[in-house]
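Consider the two complexes below, in which subunit A is the common component and subunit B and subunit C are the respective partners.
Then we have the complex of A and B:
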């Protein structure tokens, strides 16, 4: 059985990529399972999707712990522990990374002995990143070596047909270019032996001890969420208080903030906790004297980088 | 008949479509929403001739489903987890109306703490409601069971609503090859719905299940529902036989996999049971006589089928993807009550709890369950129930607790 995992960020088309590959396998006569892994996700958050393909019906389910091929559409995910890009990677695992850096650099950096391939980043144009899924899938199909150009093309037409001719053409071009690019490495992905019941690693089961509810109740006694979870990273818009116009009523914005991310100082002025403000802009809408403004997060960060105040 | 890749949600929607559903009350909830989205699209594009109404809650949605069913039309709806529980009052109520319809539940663990991933505590909370329950383990089975569910519920010997259950994520969002039955063949199989004396009309009001005091008529009505549910066993067997003849796929009340000559038997329900199948194959290759029983029907409970299938077996390991607080695995308890006192029942019946909130169950864990069961058979002693939970998982929890402690201390300082 082939086990393939796609890693990317919400919005980069990993679900679609996994479906194109799944359909291509299916057209090739394989039994297939493909699935995205959703959580309470949003655009930009790490997500993954997976594909299984075999000649016989597939009984295995759920996440792929040990993959034959790992595809990384966004190389900034590699060091993110929560993304689990390297989970279960061993020397037989082939890794395909969309990255400007060379395979050698990645091999050294990650200390892995298996094969690593990179897809050269073609463009700085973020609009083009929409097609990264197709590019990854095209390259993956060739690395697997069991999917023809025709099956790949038909899979793209089936999965993207609803989006119109132009989208299909663009994705076909991206996928087939990447497919041809990997020609020299066709079929370098290998499958694993079936796990034997004769000598398996016994699970290290533990007895869960009783623990006092003061420890074992799932409550976090902080506003919104654990302070460790920097939900401020989600923000695309930043609310900024103009203290010149703030009337110091303090309770309106801090009460309406659905995340409890507005504290009130001893001077009675509201103070936004940008580590945890998700940028919903409810405060901007509620502030009676209109003293909170919305600024694009990108602009605010650029200002900060310049040493100015956002 | 065409074979294509469908998610479990897509398969459920196809089932509702092929059964020529008339009315679909809807309310969105993860991981079910894709079902009503698919149906909504087909209604929009005139591929399906049905009326869909979005309600303001699952409580209203199930009321609406029951009320529509009481007018004698074919009704389909879908929900999940918290939604099913929010509609729970009406779930019991509409079942008592004896007006059949089909509800798909996409299993998801219950709060608290909240999760999106599957286990069976949501569907088991509806165990005693009067709804019959069919549990699925593949996307194909979701489609086929939805068709069979209409036949089962609408049968005059039953006339009860039916829930078709599929696991969130592992089926709901997972695509697998599914054969979509030909529309004509599906229609012929499901047949026209004959609502008999179910004729509720807005213009001619009737009282649906009036107040009964004193307990005597109440007992009568409740027990009649129970008898109708029990009739569901024989009716289901008939329907499954006919389905197999027409479509070539067999769905017995209990899936029995390599159990004929098995000494040890795994028992579990839902999609993770396919993992158990895989483990059975591996154990067989290693010369171990292990099989798998997977109840498709949970209500009515196929007690006699279990008694026959497990007669003479040496050991049974029930793997429950649910937990009844203060008791343990629900399927384990149900099976124990079905086997108790039967002369040929296996003496060794073990309980394992695993897969809560979608927690994976590895192949190695199935091997170990088999080994533990074998040891229990040899020693003649049943070990206490076991939660499938490893040292490394506990270590991760300890890390989170350490973070929580630091935060509590910091916050304490502030105050």
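Then we have the complex of A and C:
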């Protein structure tokens, strides 16, 4: 049985991507299960989707803990614990990741011995990001090696037909380009050997005791304890204030920021709370002297890591 | 006449520079509802009990986290005003029996989306106004059932595409006039607001706070995923809604409706519609002039009527 796990952020179309892949498998004659999983959080939050495909009826249910293929639509999810990108990954698992960094960098960074493939980010244009699901699905179909171009195209037409001809065409183009890109690696994903509980060996990891509840759990009666949730992790672009051009009219950005994540310093200057800024860029669009700029979050983080002022 | 003292909020500079509502909520990036709510909360303050009907904003307080500094109660979608009645009664009894001092009294605030306010919660709201319940009602109106994927609601505007209105003409119905429905109950106060007009919003919440009885607020809430636009456009689209006259800012008090911001030169509704994916079918593949003109005419007729009644007032 093929077990495939998609990771993305709410709004990137992972649910649809898993449906397309599932339908493509189905058209290829497989028994299929596909299901998304997400909590109460929506756009920007980590989203999972699972596809199982087998030649015989599938009796397995639930989330996929050990996948044959892990697809990551957004590389900023890798360090997010809640996203669980690396859950159950071993040398057998193939990882497909949407990232400008090379597979070698990811293999070294994550200390994994299995195969890693990357889909370079084509553009910074956020409007193009909505096609990332199609790109991932196209590449995945080729890596699996059992899905034909025709089945993939038909699946896209079936799943996206409602959205009109132009949307289907755009997604087809994205998916088939990625499909062809992975030609050299066709069929490199293999199904896992049957596992049984009887000969399960525990992994050699170090057990850490749980923290005392008073330390690990937040006080539920505390006021505004939601600040403990770092929604800054949602951000793909970072607004940066150029204080040389800031005219100090904090009442614009601080009031319009939907999250109230722009504080005002004693000097009367706005100060963005990057722990909680979700990167909507409303402040960038509204700043009267245009003193707030958007830079890619990964560029900002790389500069921070170098010790520079982001 | 109800006496309303001069406002504290005369210009943008008077708005609060520290925000009471906690960050770290699971609301979408660029949420127009959250933008309005954090502004509202700065004026209401922490001595409040939020009674929240099911909707996007019930996710504000997901155990164990909450952005509120006061209390919060979750109710079913149709019954937030009934929940508010219970909370108000309980507080009144505690006050009467001197089990809490007057300074511990709290403002009871209903918070619901448009699905609840315009639709399934309307009868409970009508009942609460009928009983002259002393409460504040905040409806964040993103013109559809946003939390479940933007199915149409009683607040969906004509021709908008929703998850349940996917045809080439979009939603065939018309947005319900909830302001007038509420005002017909003759409550203490009814107002429309929007987060992109924060001074107008702060003044209205301030005014509502100074009154007793049912005080009803509808906040138009531009919704990036539901209306299909880039989150950074959220404020711009709200401003266009006001400038085009699609979202009139007004208040009802003492039996009289006053428009608090009349756009001097209304921009064409097209400028508002074309920024949103939910209206894209009006422009592509061909421009549906008939439908755009129909929407424009509705807006023009509304403001013509406003003009007539305002000039009558002056006579």
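Going forward, the second predicted complex is superposed on the first by the 204 of 310 C-alpha atoms of A that agree within 3 Å, B and C clash if a C-alpha of one lies under 4 Å from a C-alpha of the other, contacts with A are read in each partner's own complex, and residues count from 1 in each chain.
The definition used in the following text is that a residue touches a chain if its C-beta (ideal position, glycine included) is under 8 Å from a C-beta of that chain, and two chains touch if they have at least 3 such contacts.
Source: prediction; values computed, not measured.
Student: In the superposed arrangement, does A:218 touch subunit B (first), subunit C (second), both or neither?
Tutor: A:218 sits against subunit B and subunit C alike.
Student: Go through the superposed model and pick first if A:192 touches only subunit B, second if only subunit C, both, or neither.
Tutor: After superposing on A, A:192 lies clear of both subunit B and subunit C.
Student: Under the stated touch criterion, which partner chain does A:22 make contact with: subunit B (first), subunit C (second), both, or neither?
Tutor: A:22 sits against subunit B, while subunit C stays out of touch.
Student: Just checking: does A:227 make contact with subunit B only, subunit C only, both, or neither of them? Give me first, second, both or neither.
Tutor: both
Student: Based on the superposed arrangement, let me know which partner A:31 touches: subunit B (first), subunit C (second), both, or neither?
Tutor: It touches subunit B, and subunit C stays clear.
Student: When the two structures are overlaid on chain A, which partner does A:256 contact: first (subunit B), second (subunit C), both, or neither?
Tutor: Only subunit C; A:256 stays clear of subunit B.
Student: Which partner does A:208 reach: the first (subunit B), the second (subunit C), both, or neither?
Tutor: first
Student: Subunit A residues touched by both subunit B and subunit C?
Tutor: 40, 218, 220, 226-228
Student: In the complex, go through subunit A and note every residue touching subunit C.
Tutor: The touching residues are 11, 40-45, 126-127, 162, 166, 217-218, 220, 223-231, 234, 249-252, 254-261, 263-264, 273, 275-276, 278-282, 284-286.
Student: Using the touch rule from the top, collect the residues of subunit C that touch subunit A in their complex.
Tutor: So the residues of subunit C in touch with subunit A come to 12-13, 15, 17-32, 34-35, 38-39, 46, 59-60, 62-70, 166, 195-196, 198, 224-225, 230-236, 284.
Student: Under the touch definition given earlier, write down the residues of subunit B that touch subunit A in their complex.
Tutor: 5, 7, 30-31, 112-113, 116, 169-170, 173-177, 271-272, 274-275, 277-279, 281-283, 285-286, 288, 358, 360, 362-365, 367-368, 370, 386-392, 394, 401, 403-404, 407-408, 410-411
Student: Using the touch rule from the top, collect the residues of subunit A that touch subunit B in their complex.
Tutor: 19, 22-23, 26, 31-40, 58-63, 65, 194-198, 200-206, 208, 215, 218, 220-222, 226-228
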